[in-house]
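Below you'll find a set of structures to go through.
In the two assemblies presented below, subunit A is common to both, partnered first by subunit B and then by subunit C.
Then we have the complex of A and B:
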């Protein structure tokens, strides 16, 4: 271990010294920062702080890709995220479902993540609740999970029934009207992928979108956004990065389909932008404060 | 007892008491479900009616019903007598606002659920236990962490077993047996695909490492998997991340539009991309010492990399705040039943 690295006992000593000599911001216990950060997220939530959003061009590219498809097009909803990323990805996943349902697209739900099966069911519940005209097997189907990671994509681009003889409930795909004649996912008009990692958007781009020239858009976590940007626009028609893009996408959908505004669930990401703004302001303030202290100390010759 | 400890203890007692009172009078922390009962015969009749309606609509347009639909109706009509008296109940989560129907009377279909309430409280306690790590490492955090790891591994294993081994392996090797036992939905008349003996043998060889002797045998399937995966990935990377990315970087430095003329923003964007790609490539080129022109170019590359890392870090922070706001949302609205601003109040 590096000798110059502070240890827990150093922190304890410095905290005790600071409390003995009065408040010293240099030795502030990090738990105070956690507490303030907690308040900066909780208070805007409880106050219902919501800010107006204007969809950016990147988000409009994704929106237009879904919107410009003919009504009733075939869309593969590849949702590769688990409960750990639910807070970040669920709003955009739900917005995609609502947008596609407004366009009456045929939806094929699929996942490469075992823990994503309940996430698929939550999104399908939106169809059951808000779009009762959507019939299982005719308008949407839940293909569920298959192990094999990107190997699954590699197989289903040429022969889907080699891996998927049944849907998630064990129903023979030949008995469902929308899958009876489905050979592979090359016949999809669009792939919508919501991804929290590997396998996810990168693998769908590599094994399906690029190789077989299938149109694709993706919604990803903040961590996964920057490595995927080079794929836009040739290999990916568009990409949504984190909750900010989800909020903008919700706004784009609400502008096109204003009747959805009555449903509070359609503004989940928009509501999350209030806490985002306050928490980001706090972080910026802390970075500035930290730098001011650092440079002031350096000027004074304090180590 | 120290003053700070007294203050903390008092706060915990007051908060605990408040939660206990609210819980006991049913003002928070309860989960409800809606029971929906379905009748098989009514469901069949509804489907038949739907096909009849479609037939009438098509007839009005001078068209006939597709053969597939006619067969489906025939199948439904034939089985109508067999499903008499068969009913099933679907249980789904219900919001507490659904306790009272639109007519103002209590909705008898919505009932309190013990199992889901216990689940809710376990989720709350696990959330608080994980959050307690912010205070410092403790036994509650360790317990919750172990439960998450164990439950996730077990869940993935069970799902993998049923979908991978049962459905994809034995479903292909012995389809008849699987159809008669655990997979009734498997398509009928499916022939056994003997090629699937190969993955079965490889899987058994892989597990050989658990045997007391001959553990080295597991290296053969491992070598096969590594070789096959490397081959598959190499091709995908070469196409999607090398060839296509080179193609994407070949772009005009000066972008003009027939109507608008020079597109300044787009042109600057393209120039930045080209400079960024070239300078970053120079930075990762270690055959020359980073001095003189190469050194200065590599330094520009470092700046581009730093900006990329900064953007990535900013996005990561945004993601983490989303996660905490999601957990707070769960605690505030699903557990404590606080009013949602603009929705409940």
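Then we have the complex of A and C:
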């Protein structure tokens, strides 16, 4: 924690000052702000507040890349995120799975993060639940995790079976029809990477997509978005940044495949935009309030 | 010897990888080096576990400040490791019903899966979520328009905060419509003035330019540092001399 952060004694001093001089907004106990922030997220979520979303060009670039592939294309689903980023990244990861399933793409799930294996399973559960025609080993395969970070990419891009002799359940890849003749990931038509950090989208771009000219799109967290922007459109066909882009992507998928709209799980990111809107407005309000106090004090000559 | 051997290994492997990248004939050398790297990375997990135990046991033994947290860390580590390795609660896989441990260690019935779903997942998500509360507090206490730079930052923050929600369209669309009406411009021609579109412009112009410069700078720095490491000029990665 930062040293400059207020400590418990600061709270106490602040509370004492307030009680001695009446309510003073300058010494507002930050726990009130926490409480208001908690309500501003919880209430819209409980009320199911949803706003219309219009897919932006950036999101449509990602959508079109997946959509314009021929049905049944080979797609590497590289999901590199853990529970800390689940709230932000899972909706777009799920939207990618549904979109690919609608296109009947062959999906190869893989991760470079040890804590992401259950995340892969949660996404695969979508296929099991909503696309029962998807058969394991024929339409999708779970390759799971291997240690080595970007080292894994550097190996599988030339010879996948040097590192992946088996799938996540220990089944020999030569026994599965979709991996029996798979030499390396250069034969993939697209890499979809959902990433919360390192190793993630940047490493997939550097060691696979750019070096071997494999088409790639990525979905990343808000803070991970800006460093990847220079890779678009050459190295990356498109990026989804944070929950807003996920909501727009969901909307794009729903516009193309309206039959999905009856499944509430397809609108997870759209539902999260309600709390995001209220929380953003609260932050704007707090910034304005803080500045009004600052300038009023400055005018009065209070330091 | 303790420093020379790792230095030689690092330099040799580094040069093999460079050669394998530029000379197709040597490509398989690079693959071999990376396989070794991946094997070592797997072993590093064991070393990491050992180091974690050593550090925290020392702290507990010396009763250093915060030793109670070390006790919790070690307990959590050993319990999770034990449950995971013993595959507690795992049912045999359908393909191999005669082998008790053939099931998935992360299955819903497994103890490891339970720890992941009901301990690790909520704890990790909670830690990340706390950011929202600290940002709100910082917004009130620290974000002041004290000078021109701060004002530009503040203005950009407002645009992005609005633009990343439906409020951006809700607030700016009537203004755009009004501007279109009074200027007699073609419908839709001023849509770029909507806050969500301005947010996109900030990303695709200003952020792009800044990040390209940073990325190129970092890349040049990496090249320089890598050469220093490969030639043995920079030995800091080997730790102290002791």
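Simple rule for what comes next: the second predicted complex is superposed on the first by the 291 of 303 C-alpha atoms of A that agree within 3 Å, B and C clash if a C-alpha of one lies under 4 Å from a C-alpha of the other, contacts with A are read in each partner's own complex, and residues count from 1 in each chain.
Here is the rule we go by: a contact is a pair of C-beta atoms (placed from the backbone, for glycine too) under 8 Å apart; a residue touches a chain by one contact, two chains touch by 3 or more.
A quick note: this is a predicted structure, and the numbers were derived from the prediction, not measured.
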- Message: Let me test your reading of the model: by the given contact rule, A:244 touches which partner, first (subunit B), second (subunit C), both or neither?
- Response: both
- Query: Thinking of the overlay built on chain A, is A:117 touched by subunit B (first), by subunit C (second), by both, or by neither?
  - Reply: both
- Does the superposition put A:169 against subunit B (first), subunit C (second), both, or neither? both
- Using the superposition on chain A described above, determine whether A:43 touches subunit B (first), subunit C (second), both, or neither. neither
- Which partner does A:286 reach: the first (subunit B), the second (subunit C), both, or neither? second
- State whether A:294 touches subunit B only (first), subunit C only (second), both chains, or neither. second
- Should A:28 be classified as contacting the first partner (subunit B), the second (subunit C), both, or neither? second
- Kindly classify A:255 by the partners it touches after superposition: subunit B alone (first), subunit C alone (second), both, or neither? neither
- Do any residues of subunit A touch both subunit B and subunit C, and if so, which are they? 34, 37-38, 41, 84-87, 115, 117, 146-148, 151, 154, 163, 169, 225-226, 230, 241-242, 244, 276, 279-280, 283
- Residues of subunit C that touch subunit A when the two form their complex: 27, 30-31, 34-35, 37-38, 41-42, 44-45, 93, 95, 104, 106, 113, 116-117, 120-122, 124-125, 127-129, 132-133, 135-137, 139-146, 154, 157-158, 161-162, 164-167, 169, 196, 200, 203-204, 207-208, 211-212, 214-215
- Task: Spell out the residues on subunit A that touch subunit B in their complex, using ranges where they run on.
- Result: 31, 34, 37-38, 41-42, 45-48, 50, 84-88, 90, 114-115, 117, 125, 144-148, 150-151, 154, 163, 165-167, 169-174, 177, 205-207, 210-211, 221-223, 225-226, 230-231, 234-235, 241-244, 264, 272, 275-276, 279-280, 283
- Item | Interface residues, subunit B side, partner subunit A - complex | 68, 92, 134-135, 152, 155-156, 159-160, 163-164, 167-168, 171, 183-187, 190, 232-233, 236-237, 239-241, 244-245, 247-248, 308, 311-312, 314-319, 321-329, 332, 338, 340-343
- Task: Write out the stretch or stretches of subunit A touching subunit C in their complex.
- Result: 28, 30, 33-34, 36-38, 41, 51-54, 56-58, 82-87, 115, 117-118, 121, 146-149, 151-152, 154-155, 158-159, 162-163, 168-169, 225-227, 229-230, 241-242, 244, 273, 276-277, 279-284, 286-287, 289-291, 294
